[in-house]
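All chains are identified by letter, namely A, B, C, D, E, F, G and H, in their written order; residue positions are counted from 1 within each chain.
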Amino acid sequence: MTVIAAALWRGVAFALLWWTLAEGRTENWGLGLAIIGLATLASLRLLPATALRLSPRGLLGFGTFFLVQSIRAGTQVAIMALRHRLDLAPAMLELPITLPPGAARIWLANTLSLLPGTLSVDIGATHLRLHVLDRRLPIAHEVAQVEARIAAVLGMEK
Amino acid sequence: MTASQWLPLAVLASSLLPGLLIFALPEERIGLRTALNLFGAVAKLTLVGVLLVGVQAGNTYSVGYTVLPGVDLMFKADALALLFVSLSSVLWLLTTLYAIGYLEGSPHRSRFFGFFSLCVTATMGIAMAANLFTFFVFYELLTLSTYPLVVHRGSGAALRGGTIYLAYTLGGGALLLTGIVWLHSLVGQVEFTHRGVLSPLSPHYADQLRMIFLLLIAGVGVKAALVPLHGWLPNAMVAPAPVSALLHAVAVVKAGAFGIIRIVYEIYGVEFAQSLNLLLPLAVAASVTIIWGSLRALAQDDLKRRLAYSTVSQVSYITLGVALFGPVGTIGGLVHLVHQGIMKITLFFCAGNYAETLGTHKVSEMNGAGRRMPATTLAFSIAALGMIGAPLTAGAVSKAWLSDGAQALGLEWVGWVLLASSLLNAAYFLPILYRVWLKPAPARWPQEHSAAQGWRETTWLLLLPPLLTAAATLAAGIYADSEFSPLAWAQLIARREYLTPVP
Amino acid sequence: MSSGLVYAVVGVLLFVLGAAGMLLLPHLLRKILAFNLLGSGAFLILVGLAQRDGGVDPVPHAMVLTGIVVAVAATALALALLRRLHALSGRTQLADESADE
Amino acid sequence: MSAVLEVASALLLVAGAAFYLAGTVGLLRFPDVYARLHALTKADNLGLGCVVLGLSLQAESLAVAVKLLLIWPLVLAASATLSYSIARRADRLGITPWQGKEDR
Amino acid sequence: MTALEWPLALFLLANLLAALLRAARGPTAADRMLVALLFGTGGVGILLLLGRAGGNPALVDAALVLALLAAIAGAAFARRAWTDGDADERRP
Amino acid sequence: MMSLTFDLLLGVALLWSAWHTLATADLIRAVVSFIVFGLLMVLAWARLDAPDIALAEAAIGAGLTGALLLDSVGHLRARRRPGDNG
Amino acid sequence: MNDPVYDVAPWLVLLPLAWAGLAFVWGPGRGARLALAGTALQLLLTLRLAAELLSLGGRRHAVGGWGAPLGIDLAVDGLSMTMLLLTQAVAFAVFIYARAYFTDRSADGDGHGARNHFWPLAGFLLAAMNALYLSADLFNLYVTLELLGLAAVGLVAAGGNAAQVSAALRYLLVSLLASGAYLLGVALIYGSYGTVALSALPLMSADAPLAVALAAALMGVALLLKTALFPFHFWLPPAHGGAPAPVSALLSALVVKATFYLFLRLGLGLFAPLGETIAWLPGLLGSAAIFWGSWQALRAQRLKMLVAYSTVAQLGYLFLIFPLLAPDGLALQAGVMQALSHGLAKAAMFMTAGVFLQVSGRDAVADLAGVAGRLPVTLFAFGLAGVTLMGLPPSGGFLAKWLLIDAALAQGRWGWAAVVIAGGLLTALYVFRVVRQAFASTEARPPLAPVPRTLEWTAFALAAASVLLGLRGMEVLHLLDVGAAS
Amino acid sequence: MNRALRAAVVLGAGLLAALLVAAILALPVPAVRLPALVAAHLPASGVTHPVTAVLLNFRGYDTLLEVAVLALALVGLLAQSPPRELTHAPSPGEPVLPLLARVLVPFLILSAGYLLWAGAHRPGGAFQAGAVLAAAAVVLHLARLWPAWDRPGRGLRLGLVGGLLLFLAVAAALLAGGTLLRYPPQLAGTLILLIEIGLTVSLGLLLAGLFLFLAEPRSL
């Protein structure tokens, strides 16, 4: 059941993508359909339907959070870079993570790489190795926040 | 295709096809190989006989094939061609017989006889070539087909001899080719024609024609062993005796001498060549070769080397005859083409017999050989006397005509050259005759073999050919005036060349 | 000076740079890189010259597409050979060119 | 409407350029590979995001606008993954982060 | 249509050129690779601006492909090429 | 005017990266410079109104060739292991 | 353009591509029969095309029906026809040979790679050559050149040992550099004239822009590089001498001829006016090639190296024709005759070298002692091929030499004739160096591996053909006279 | 290479550059203009994008040979890779790249399809599509989700040259009708699309093969 549902969802998503790419043109739609089918098949092969179950609300929340944070991140780095005197206090940190291994942790790591001041360096069994630009900032807090957001998207309570 | 067209081709094919078949034969098919060889030789003789009769009756035999625009492969069997053709085909038969006996049991005989036949084919081509292009084609083919024969034994000396042979002959070929193409670019294709074809050319070209003459003569002079182009000949002596016979009597040096005849008579024409002042230098070169070859022969202890230098000397008689601007000298030269062939082949057959039976290669080892091998030695003696020019032999006839020719021109020095040469001939042949007949035989010969069958001396196959050619030497001397003698034929040619009554 | 001409001139310099690199640099990988530069230079000249009056010419576009694929094929083959050579002999340069045997 | 959009679009484009500049400056000034990765993943990506958004505001059709916007997450995902890969590799190869002058 | 595309494209290109300095300086191979990645994102931006400026919508596709594929080189770099930090360059 | 400046600047960048490709001592640097060069070529094709080529260059030149070259560099730098003689 | 006769020319490109692809799908080491059948068909088609050419004159085929300058034209005239014939004939013989050569016995000698991938690579090679001879479009010619170069390199490298790979790499890089220069030439031509179709391009005039002159120079140098004319020959001996024998045969006999053909075609056509002013240059380089190549062949230790250097020298003859090109056509005829006879003879020679290698496992010239008695057919084939190379009668090489000397003397240009003559003698030196060694008798008679008769006889057949070509000169020249379609 | 030769090469290169630049700057605009011809014949070509029309119709023969070049390079490359043991089965190593690959690859396939589809009327086409497909394979390989290729099986071999063979078959069929690659106008679009589909798959495999047949799985 879940497979069919996932196939449908993804098929629709890819169809939307196709529509976007094709800029709304519809000639040779047969070819388009075949390609959408292929993409869906590949997707199902590569990401089994059971792997992820996303909560739309969580996703929305994450999206806004991410947007805001990434603007913050960009601004912060920009300020650091453009400031007359380079004022950095970099460090390598090891922070414990609570998210289950797999996609969730990767997501976390990637998100952190894009968020202010942090850069994921290594995902360990229990800890996440992070490089921070300024260790004086509340890194741990932010990481926890992101973890919570991701847990919400995945429907897990932290 | 008419008979006049296919006869020349058939003459070529009668040795070419057996040759190609022999290549394909396995080594041990001796009987079939022998049969092919003999069949080819006999067939050729028959065809040549037909041609002889026809040509004497005034028929012409020619056939051509266009290779490039304005360049034809052309054959014609005229009187001059037949002189050479008949000599070669007769001697081919004898040499083949001899070679069958000589090489019995030795390796690579299919290869040997294959190339042997190719060699004869090339000689036929040279003889019947109707233009310089065709002549050159077969001239080079002759070089290529003799090389494997020269190196047949594969020893270091043989390989060295072969290399020297190639260096000379291919170099000569290159000169010849240059001359031929040059001539071609001047006058286009020219067929061999009695009295030459170049005389109508404007005097403007005289210098070029002299250069071309030099190139052409140098090209064929290599094979004719004109000094200083003779160096290959003594070195090629390492080859088996039948090959030496082929080189000296049947094919190679004869091809060179024949080429000189064709070039002087039928390209330039004697009158024209004379008008370009080309003949005297040629006569001088021939004379130098005659004397030089004899002098060198004197110094050789190795029998075959002595014979080789003798060839250097004797072949230039032909050239000398050609260079003697006049019918008498011409006849002398032409007839010597044949006479030298039969005499020299006898000598080489005999030398081979001595080496095979007694293991003697050197003159100094030949004491008393006449008692051990009387028949061989008899043949050897007749040929040697012929070479000296003793009366009743073929050699006497040629020498007489040559000195008459010289006298007719008033070239006294040529007479002296001939006389000196005869004396030198005697000086290097008579001591041999003395040794073989009059000195006592040694206790042991260097390496004695007794023939399994035949006489005590050696097998029939080795004995018959020299006896026959020795007999021919005598016959050509004694019956020189008969209708089909070489002399008569040479007179026929000279008649056609000079279009004047000939003595 | 139209932009086509600018790129054509740049292409010339790239071509020459690549050619000199192919001749002078000993390391094979660099020769391969130099070949790619040379190729890009030629492509730029082709398109740049054809469009130096500002118009768009689809014919050289198609030719360059062909050329790019050919260049990739050649590069891949060269890399394969280079890696094989390295695996067999440890060399990444051609032996001295005067050695004949 | 379109005037507003144009102004917004122009502002976004300029902001994007500014972020790009910051990224480049960061790349040049930051002391080690990790810090430079920060600059690259954050400033440049934001710069691209601004440009994409700015351009999509002027897009002639919705599909085109979405297509433009689509680029951004793609670049983000790739960029995050690559920065992780490179940082991890650097870490494994034993490159230690610059610790600031006071720590030396 | 704003007239901003050209100046911005030029600006971004100048940016990239400046970044080449980093490529020249290094010190690690990764630093150079970062420049390549910067060229990827910068290139996407410039392509989009050029597409708009020249009225060539197809360049959006090119930008998309560039965005997708620039990552490959980076991945190959991290996975395959950068296997041993150049000894002389391995300094903090 | 602006576009001409852009072209000239891009030309300089192309030449610079090309020069670096050939002149740097280190292989990886050379390859990375080459990838940069490829990316700049994409822009050049875009400027020449050749989106087809820009697409192909982006996909093949900057992507695949770059990956292939990097992979090869890694291969060449790896020490030869026993049994690696093919 | 609607031809009254159905046009077979394009099949000569499609067929080898098809069998190459199918042979690849069939699997490693397979496809020999397919290749042979395909090549036989090509040979028949080529013969038919030649017959049509003789009766109807030059042909032109507008691919896609567009016609130049928009589309690509294929064109056949006498010159390309002779080359096409040579290509199919030699390839057919080499393929018969290769089928017997690449058996399991050769596993240790000549590399598994060669055995496994010979057929598809050879198919691409053949397609490239045919396409090159047919093409009348400069850019299309560029693609065929690349196809040709890569196929040749692939074949050289397929043997798989370090020397072969190294030789292949050098070959590849040279080939790529040359292709790049050629492509730049095409770009300049397109920039100057707006088209690359040969039929639409004007002949280069005296006031042609500098770009056209540069294009001519670049393309000329590119083709000389690919043809390995001295001093660009350095890549050839290791590549041709190191490859497996059937590959060497294809490369030396055919591949270098293809680029020579193109050089000739452009030199006679598009760039003729320029060619007249600097025609002495290729002639001079050709002379140098003759002397240098022969000298190196004399010194070579390995037989295949000797034969490869012989190719360097023999290619020199092809370029001697340029200073002698004249309306009488002698030089052109000489060039074509030389290309044909060298193609046949050189293939035969490499094939005999392959036999020696397979039989004894070694190919040092010194190891050939005594081979004459044991491999008479092969030695005979070598000798016949040598006769052609030396230019001795009645071979095709002889006709070429004759025509060349004739052309030189007709124009009173002695030097070139002397070069030809001297070159022939030098050739004799190295040919007989081998033959002499083969006739040497040795005590040591190492065991010889049995070798399929096919190997010996295919080599022999080609060598004999090269000699017999001398008797069919008229046909060749007649075919050569067929002009291009208007 | 000795110093003098190096100097000569550098000098020669400089001279060549100067000559070329001078030649280019002085070159007049040619008389023949193909763009007009292309535009005039575009309606009959079966596609509306001029570059695709040139690539697959007007100069389709070039393209045919070019595909052959690519296939040939792969065959040559295969002849180079010695038989080897693939000890490396697809195994998760570092997990971040694989996730990206899993997400990205379907999108790459979609993009490839889009480019293929776009080729008929806007920039795009089989080459670009094939390259994107190949990129997908390479990403999968780099993420260790797909092993390097060893000796290809018959299916893969067919895939590798299938595009070429299909192209050849179309060419042969048209040639049998009289002229090489002369599409009947009403079928041109369909045939070109057919060829492009075949080419996309084959080019994708070929380009991927260039990487995957060479790639050696090494433990990192």
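One rule holds for everything that comes next: a residue touches a chain if its C-beta (ideal position, glycine included) is under 8 Å from a C-beta of that chain, and two chains touch if they have at least 3 such contacts.
Computed from a prediction, not measured in an experiment: that's the story for all the values here.
Asks: Keeping to the contact definition above, tell me which chains border both chain D and chain H.
Replies: Common neighbours, chain D/chain H: A, E.
Asks: Which is the least count of steps on a path of touching chains running from chain B to chain H?
Replies: Between chain B and chain H, the shortest chain-hopping route counts 2.
Asks: Hey, which pair has more contacts between C-betas, C-G or D-E?
Replies: By the number of C-beta pairs in contact, the winner is D-E.
Asks: Could you name the chain whose CA centroid falls nearest to the centroid of all protein CA atoms?
Replies: The most central chain here turns out to be G.
Asks: Measuring between Cα centroids, what's the chain most distant from chain B?
Replies: The most distant chain relative to chain B turns out to be A.
Asks: Between chain E and chain F, what distance separates the C-alpha centroids? Give it in angstrom.
Replies: 11
Asks: Approximately how many whole Å separate the CA-defined centres of chain G and chain H?
Replies: So the centroids are 30 Å from each other.
Asks: I'd like the Å distance between the centres of chain F and chain H, where a centre is the mean of that chain's Cα atoms.
Replies: From the centre of chain F to the centre of chain H is 18 Å.
Asks: Going through chain F residue by residue, note those that touch at least 2 other chains and give them in order.
Replies: 3, 31, 47, 49, 51-52, 54-56, 59-60, 63-64, 67-68, 71-75, 78, 86
Asks: So which bits of chain A are touching at least two other chains?
Replies: 17, 21-23, 109-110
Asks: Residues of chain C touching 2+ other chains?
Replies: Where chain C meets two or more other chains at a single residue, that happens at 8-9, 13, 15, 17-19, 23, 32, 45, 49, 52, 56, 59, 61-63, 65-66, 68-70, 72-74, 76-77, 79, 81-84, 87-88.
Asks: Can you tell me which positions in chain G touch chain C when the two form their complex?
Replies: The touching residues are 139, 142-143, 146, 150, 153-154, 157, 160-162, 165-166, 168-170, 172-173, 176-177, 180-181, 183-184, 186-188, 190-191, 194, 234, 237-238, 296, 300-302, 305.
Asks: Would you tell me which residues of chain D are touching chain E in their complex?
Replies: 6, 9-10, 13-14, 16-17, 20-21, 23-24, 27-28, 32-33, 36-37, 40, 44-45, 47-48, 51-52, 55, 58, 64, 67-68, 70-71, 74-75, 78-79, 81-82, 85-86, 88-90, 93-99
Asks: State the interface residues of chain H toward chain C in the complex, per the touch definition above.
Replies: 1, 6, 9-10, 13-14, 16-17, 20-21, 24-25, 27, 29, 33-35, 38, 50-51, 53-55, 58-59, 62-63, 66-67, 69-70, 72-74, 76-77, 80-82, 125, 127, 203, 207, 210-211, 213-214
Asks: Touching chain H in the complex: which residues of chain D?
Replies: Within the complex, chain D contacts chain H at residues 74, 77-78, 81, 84-85, 88.
Asks: Quick one: in the complex, what on chain F touches chain E?
Replies: 2-3, 5-6, 9-10, 12-13, 16-17, 20, 26, 28-29, 31-33, 35-36, 39-40, 42-43, 46-47, 49, 51-52, 54-55, 58-59, 62-64, 66-68, 70-71, 73-75, 77-78
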